[in-house]
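In the part that follows, the structures are each spelled out as C-alpha cells.
Shared between the two complexes below is subunit A, which pairs with subunit B and subunit C, respectively.
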Partner chain A sequence: MDARTEAPLRLKRTWSSVFETGFGARIYPYFLVFPAVVIVLGVVVYPVISGILWSFYDVTLRKLVSGDVAFVGLRNFQRVFEDPAFLQASYNTLIWVVLNVIAQLGLGLALALLLHRAIPGIGFFRSGILVPWVVPSVVAVLTWRWMYDPSVGIVNELLVRLGVIDAYHPWLGDTATSLYAVTVESIWKGTPFVMLLLLAALQLVPRSILEAASMDGAPGWRKLWYVILPQIRVSFAIAAVLTFILTVNNFNAIWLMTEGGPLNSSEILFTLAYKYGFQRFDLGMASAVATMLFIGLVIATTLYLKLMQAREGD
Partner chain B sequence: MTISAASESRLPTMKPASASRVHSRSHVLRRAALYVSLWIAFIWSVFPFYWMIATSLRTREDVFQRPPSLIPHTITIQNYIDLLVGAHFWRFAMNSLILTFSVTLISVLISVTAGYAMARHRFKGSVMLPLFMLYGQMFPPVLLLIPFYVQLRFLGWLDSLYGLIPVYLSYMLPLCVWLMRGFFSQVPHSLEDAARMDGCTRWQAFWKVILPMAQPGIVAVATWVMIHSWNEFLYASTFILSEKKRTLPLALSELIGQYTTDWGVLMAGGVLTAAPIVLVFFFLQKNLVAGVGGGAVKG
Partner chain C sequence: MRKILKSGIVAATLSVAMGHSALADNIVMWVNSPLLAGPNAPLHQELKAFEAATGHTVEVQAVSHMEMERNLFVALSSGAGPDVMALDIAWVAGLADAGLLLDITEQTKPIAAEYQPGPFASGRYGQKQYALPLYTNNVALFVNDQMLEQAGIKKAPTTWAEFRDAAVAMTNKDKQTYGVSFGGSRMGAFQLYSYIWQNGGEIVDNQGKSRVSEPAAVEAVDFLAKLYTQNRAMPESVLTAGNWDEVHAPFIQERAGMVVTGDWALAAFAKGNPKLKFSVHPLPSGIQAATVIGGYDLAIKADTKFPKASFELIRWLTGPRSVELMRKYERLSATTAATTPEAVAALPKPLQPFMSQAATGRARPVIASWTQIHSDVFGNVWDSVIRGKPAKDAMSEADIAIKRLLEKK
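Entry: the complex of A and B
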C-alpha cells in the first residue's frame, strides 16, 4: 500500500522493460528462479548423487588423494552389515526415534492444549515454554552435559534430594543409561517446536465445535479423542514426520554428550556414519550408511508431502 | 514431572453438567490444576537455561562445590572476564558474525525472486520446483557431508570460512525459497495489477510494490536463516580445522577438556552465544511463530 500512497507512480522506462513483451516476457520467470535453481543443483543435487555413488566405491582418504578409487559394487554395504557396531547403532536409532517421537508428540500436544486458552499470564508461560526451542542446540547440549556431571551435576543432586536415587550416577558414562540420558535432553529441546505446530492448528479449530462438544457434556478425554484430535490430525501427522526427520538427523545432542559411547551404547546411524567417515576415513562405508539413512528419510519425506497436500485439500 | 502435566491438562476441559454450586467449586479446582501444570512445564523448560546463567556467575570453587547449591553463594563476573580477555572469543564471534551475515544475505537475495516467481508465474516446473525445494531441505546432512568434504578439499576450500558458505546454503536455501513462496502467495494479486496499470514494468511492480508488502515474511525468513547459521555445528566442526577460524558453537565445544572442563567459563560462553538469538527471538516472536505455524507448514 505504502508505495501507492506515498509517491504517485510515474516510473521511467528502464532496463526492466525488456521483460514486458515477446521473448523477454517468456523467460522472465525463468530469469527469476535461475540463481536459486543453479545453487540448489550445485550444493544439494550434485552432492546427493555423488554421495550415493561413493557408497559403491572403495574410497578412503588416502586412496582419494592418490586417485586410486575402485568400484566395488555392494562390498561397502556388506562390510557395514558385518560390523557389530552397525547392528547396535540400528537398534539404538530405533529406540532413539521411537522414544523421541512419542514423547515429543505427547508432551507437545499436552502443552499445546494447556497453552491454548486465554487466561491471565498465558503469554508469560508461552514464552517460558519456548525457551528450549530458542537456545542454540550446542549451548543446550553442553548445558545438559554439565547438568549430568557425575560428581557435581545438579540432576544427580535433585534426584537424590527427591529420593529417586541413593547416590550420584554417571548418567552419560554408563552404558545402560547413556542413550536415555541424551534422549531426555532431545525431548526437552524438541517438544516446544511440536507444541508450536499443534498450537497453530488448535487455533484454527472453530470454537463452535468445541462449545458444542462441551454442551453435550462430553468428558475431557472423549472431547480430546473424538472432537479435537480429528480436527488437527493432519497437523499432528506433519508434526510426527517432522519430528522423525529432525530426530534421525540430530547429531549435536549425541555427539557433544557422549560421542556415541561408551562402547557404542548411544551410537545412532548418523554418528556411526560420521565415525566411519571422519575417524576411520573410510568414505565408502560412511556413504553406505548415509545412503541407507537417506532412503529412510526419502520415504518419510514423501509421506510428509502427501500429508501436506491432504491438508491443503482440506 | 512432565507426565503429570500431560494428564492434568485434560482435567480443565472436563465439564460435568451438574449443579452450579458444585460447578463453581470444580471450576476453582480446575483453574488451580491448570496453573500447577503450567508452572511445572515452565520450570522444566526454563531450568536448564537458569542453570547455565547461574553457573556462569559462580566462582570456580562454587562451581565445583559438592553438593551443588541451587542458588549461587556469591555472584562474580570473573568467568566473563576470563572468556573475553583470555580466549579468542572476539575472533570466534567475528567469524560467526561474518559467516551468518553472508549466508543470510545470499539466501534472502536469491530466494526472494525465486519464491515470488513460484508464487505468481506459471512456467515449466512451477509446480514441481517448490516441491523439489522442500525435498532439498530433507536430505540428511550426513549424506552431503562426505561429498562436500571431497569437493572442498579438491577446491582447496577446506578450513576456510568462505568454503562454509555454499555448504550452509545447501540446507538454508531450499526452505527459504519454499517459505518465501508461501509469503508471496498471500500478497493479493490486485495490488500488482494496479501497479502495472499505473505503468510499472513487471520488475518495478515486484520491486516497488510486492516486495514492501511481503516484508514481514522476508524478515521472518532472514531471521530463520540467521538463527540456523549462527547455531550450526556439524559442518563447521568437520570442515574447520585451525583454531582461529572456529565459529562460536565450535569454539564452545572445544572448551570441553579431556580431563577437566572449566564449566564456569564454558557456561559464560554459552550465555554469550545464546544472547543474540534470544534477543532476536523476543523482538521478532510474532513474525517467527507465524513463519513456523503458517508459512512453513501450511505452505
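Entry: the complex of A and C
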C-alpha cells in the first residue's frame, strides 16, 4: 500500500461542526447576534413602540391599575395642543435649541482654533477647558444655581462691579430671563465637547494646505472660511447634530435650576413630558409629547447617520 | 433516657422555630429619610421592639420626601413597592383614589378617638380610612428676636396688621434686611393656605366645590403678595425658593426677621446658625386662627400579602408609643394623648407653640387631584401675584382650573 492509497486524516466531529457547512453555516451569524437582538428589542424597540402606542390610549396610573385603558385616537395630542403650557414649551424648546447649537458651535470652533497651536503648555489649557464637560451635570447645575442667587450670587456681584447692572437681579426668578440664564449654563457645559470634536478635526487638516493658503496671501478669516471650514465640514456637521440631540435631551439643567418655571417661562418639551408623566401621572399625554420629540430626534439622527456615511465616503 | 430527653428538646426547639417562622411575616416598609438618619435612629429601636413582640420582621428602607410620592405611584402601580409606607398626608387621596391603598376602615373604627381629629381625617378618603397618622405638624411664626427688637417692636405679632407692621419695620434696604422670608411657587402656596382659612376663606369645601375666587381667599392672597410687591418686605428669594432650605436661608443668614415654617425648621436652624436667637409663636391670626397641618401617615399596600401584620405594624408605630417615639425625633405625635397639658409641657420649648395651636390646624383638601392643584394651580397663583398679577385675576383663573380638575375623573 503506497501513500496515495492511505485514508485521509479527518478531524473528530463535534457538535459545533453543524455550523461549518450548509444550512448551519448560513444561520451561524444570526445565531451569534440573536442574544443582542433580543436585548435591543427588549430595552429599546419595545419601550419605543409601547410609548408610541400609549400616546393613543387614555393611560393614567389609576386606569393602569384598574385595567380600564381605552383607545382614544388622537385625543391625547389634542389635549396636549390645548394646553397653553405646550405652546410655551414648544417656543422655549426652539429658543433653547437654537441658542445652544449656535453658541456651542461658535464658541467650540473659536476655542478649537485657539487651542490648535503649538505653544508651550497648550496641553494644560486643552485639559483645563474640558473641566465643565467632565463635572457631573448635577454638581454643575447646582453650582450655577447658587451663582445666580438673587441675594448672594457671584454673577450679580460681578455684573454690578462691572457696571452692567445697577442692582442684583433674580435671573432664575424673572420670567424674562430664566430660560436664558439656564441656557448660559448649558452652553458653558456643552461647549468643551464641541471644541474637542473640532480640535480633533483640525488636527487632521494637512499643514501643506494651510501653508499654501498663507503663501497665496489669504488673510485669516478667508483661510478659515475657504480652507479650514471645508476641511472640517463633516465633523462640524456631526457636532451640530450631536449638540442638537444633546440639547433637546438636556433635562438636568432645566429641571434642577427652575423645574421649567417660573410660570412655564423655562419649560421645554422634555420637562413638560416629565411633568405630565410623573407629576400628573397622565402617561397618555406624556407619551404624546414624547412621541413628537421622538419623531424630531429620529429626523436629526437620520441626518447624523447620513453625515457619517458621507464622511466614510470622503 | 438522656437521649430521649435530648431528642425531645431538639424536636421541641425545631417545632417552635418552624411554628414561629410559619406565623412570622416579613414586612417591607418605606419611610421618609429623616426618620432613618443614621444607624441609631429611634425608628430602628422601635422596629426591633415590634419584631420582638410580634415575631414579624420588618425590612425598612428610606426614601427622600421629594421622590416618595412618584416612587410610590410607580412601584405600587406595577404591583411592587412596600407593604407599609409613610406618606405625606397630602398624598393619601391620590393613592387611595388610584386603588393602591388598603381600606382599613373597620380596623380603625374602635381606635379613632385615640388620634387627633385633623391628622386622623387626613387618612380618610371617600368615607373610607386608608391611613393612620404617624406624626403631625403645622406652621408657626419664627421670629429673630434681635431683629425684632432693633426694629423697635416689643412683642411678636399676633394679628395680620402687627405681622405686616413688623415685616415692614424689619425691612431695611441699605442693610439688605427683610421682614419675612417666603417661598416661591408651590412652597409659597403651602405657606399661604393658612392665611386663606384665617380670613374665613376656603379652597375646596366639604362638598367638593372650589371657592378660591371668593373675596376672603382673594384678600388673603393679596395681603401676602403686597408684602413683596408693595412693601418689599420679602427678599428676592421669594421668586426662586423651591425648597425649605432656600426658604430658610434668609432667616438663617439673619437677612429676614421672620419666617412661616414648621417644626422641621428647628434642626435646620440649629445646624445652619447655632448662634441664631429666635423664638417660635403661633401664627398671627386674621378673622380666626388657623394653621395648615402637615405630617406623615402610615398606610398599607392594597394587595399586600400580609394585611394583618402590616396593620399591627402601623398600629404599633402610630399608637400610644408614638408619643415617646416622636419626642425622640422632636416631632409631634398625632395621638390625643400628646395634647394633654402635661404632654405639651414635657415638649421642648420651641415645639410647644406648634402643639398649642394644633386645635386650629386645618388639613388641605383630601381630594385625588390635590397634588396637581397645589403644584400647578396654586404654585402658579403665587408666582403670578408676586410678579404683579392682581390677586383677583389669578384666583379667578385658579378657580376655573380647579373646577376643571375636580370634574375630571
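As a convention for this text, the second predicted complex is superposed on the first by the 281 of 314 C-alpha atoms of A that agree within 3 Å, B and C clash if a C-alpha of one lies under 4 Å from a C-alpha of the other, contacts with A are read in each partner's own complex, and residues count from 1 in each chain.
Definition applied: a contact is a pair of C-beta atoms (placed from the backbone, for glycine too) under 8 Å apart; a residue touches a chain by one contact, two chains touch by 3 or more.
Remember, it's a predicted structure, so these values are computed and weren't measured experimentally.
Asks: Would you mind checking whether subunit B and subunit C clash or fit side by side on subunit A after the superposition?
Replies: clash
Asks: Just to be sure I read the superposition right, which of the two partners does A:V139 touch: subunit B = first, subunit C = second, or both, or neither?
Replies: first
Asks: May I ask you to decide whether A:A176 touches subunit B, subunit C, both, or neither, giving the answer as first, second, both or neither?
Replies: Touch partners of A:A176: none, neither subunit B nor subunit C.
Asks: Output check: A:L64 vs subunit B and subunit C. Expected answer is one of first, second, both, neither. What do you get?
Replies: Both partners.
Asks: Using the superposition on chain A described above, determine whether A:A118 touches subunit B (first), subunit C (second), both, or neither.
Replies: So A:A118 meets neither subunit B nor subunit C here.
Asks: Looking at the overlay, does A:A110 come into contact with subunit B only (first), subunit C only (second), both, or neither?
Replies: first
Asks: Once chain A of both complexes is superposed, is A:S151 in touch with subunit B (first), subunit C (second), both, or neither?
Replies: Both subunit B and subunit C are touched by A:S151.
Asks: For A:L263, decide between first (touching subunit B), second (touching subunit C), both and neither.
Replies: Touch partner of A:L263: subunit C, not subunit B.
Asks: More residues of subunit A are touched by which chain, subunit B or subunit C?
Replies: Partner touching more subunit A residues in the overlay: B.
Asks: Considering only touches as defined above, state whether A:F278 meets subunit B (first), subunit C (second), both or neither.
Replies: After superposition on chain A, A:F278 lies in contact with both partners, subunit B and subunit C.
Asks: Please work out whether A:L305 is in contact with subunit B alone, subunit C alone, both, or neither, and reply first, second, both or neither.
Replies: In the superposed model, A:L305 contacts subunit B only, not subunit C.
Asks: Running through the overlay: 21-29, 201-209 or 255-263 are the candidate stretches of subunit B; which one clashes with subunit C?
Replies: 255-263
Asks: Residue overlap on subunit A between the subunit B contact set and the subunit C contact set?
Replies: In the superposed arrangement, which is not itself an observed complex, subunit A uses residues 64, 149, 151-152, 278 for both subunit B and subunit C.
Asks: What residues of subunit A sit close enough to touch subunit B in their complex?
Replies: 1-4, 9-11, 13-14, 16-17, 19-20, 25, 28-30, 32-33, 35-37, 39-40, 42-48, 50-52, 54, 64, 106-107, 110-111, 113-115, 117, 119, 125, 127-132, 134-140, 142-147, 149, 151-154, 157, 160, 188, 192-193, 196-197, 199-200, 214, 217-221, 223-224, 235, 238, 245, 248-249, 251-252, 256, 270, 273-274, 277-278, 283, 286-287, 289-291, 293-294, 297-298, 300-301, 304-305, 308, 311-312
Asks: Show which residues of subunit A lie in contact with subunit C when the two form their complex.
Replies: 61-62, 64-66, 149-152, 168, 170, 172-175, 258-259, 261-263, 278-281
Asks: Write out the stretch or stretches of subunit B touching subunit A in their complex.
Replies: That would be residues 2, 5-6, 9-17, 31, 34, 37-38, 41-42, 44-46, 48-49, 51-52, 55, 63-68, 70, 110-111, 113-114, 116-118, 121-123, 125-126, 129, 131-136, 138-151, 153, 166-167, 169-170, 173-174, 177, 191, 194-195, 198-204, 208-209, 212-213, 230-231, 233-234, 238, 249, 252-253, 256, 263, 266-267, 270, 273-274, 277-278, 281-282, 285, 289, 292-294, 297-299 of subunit B.
Asks: List the residues on subunit C that touch subunit A in their complex, please.
Replies: So the residues of subunit C in touch with subunit A come to 70, 73-74, 77, 97-100, 176, 184-185, 235-240, 242, 250, 253, 255, 371-372, 375-376, 379-380, 383-384, 387.
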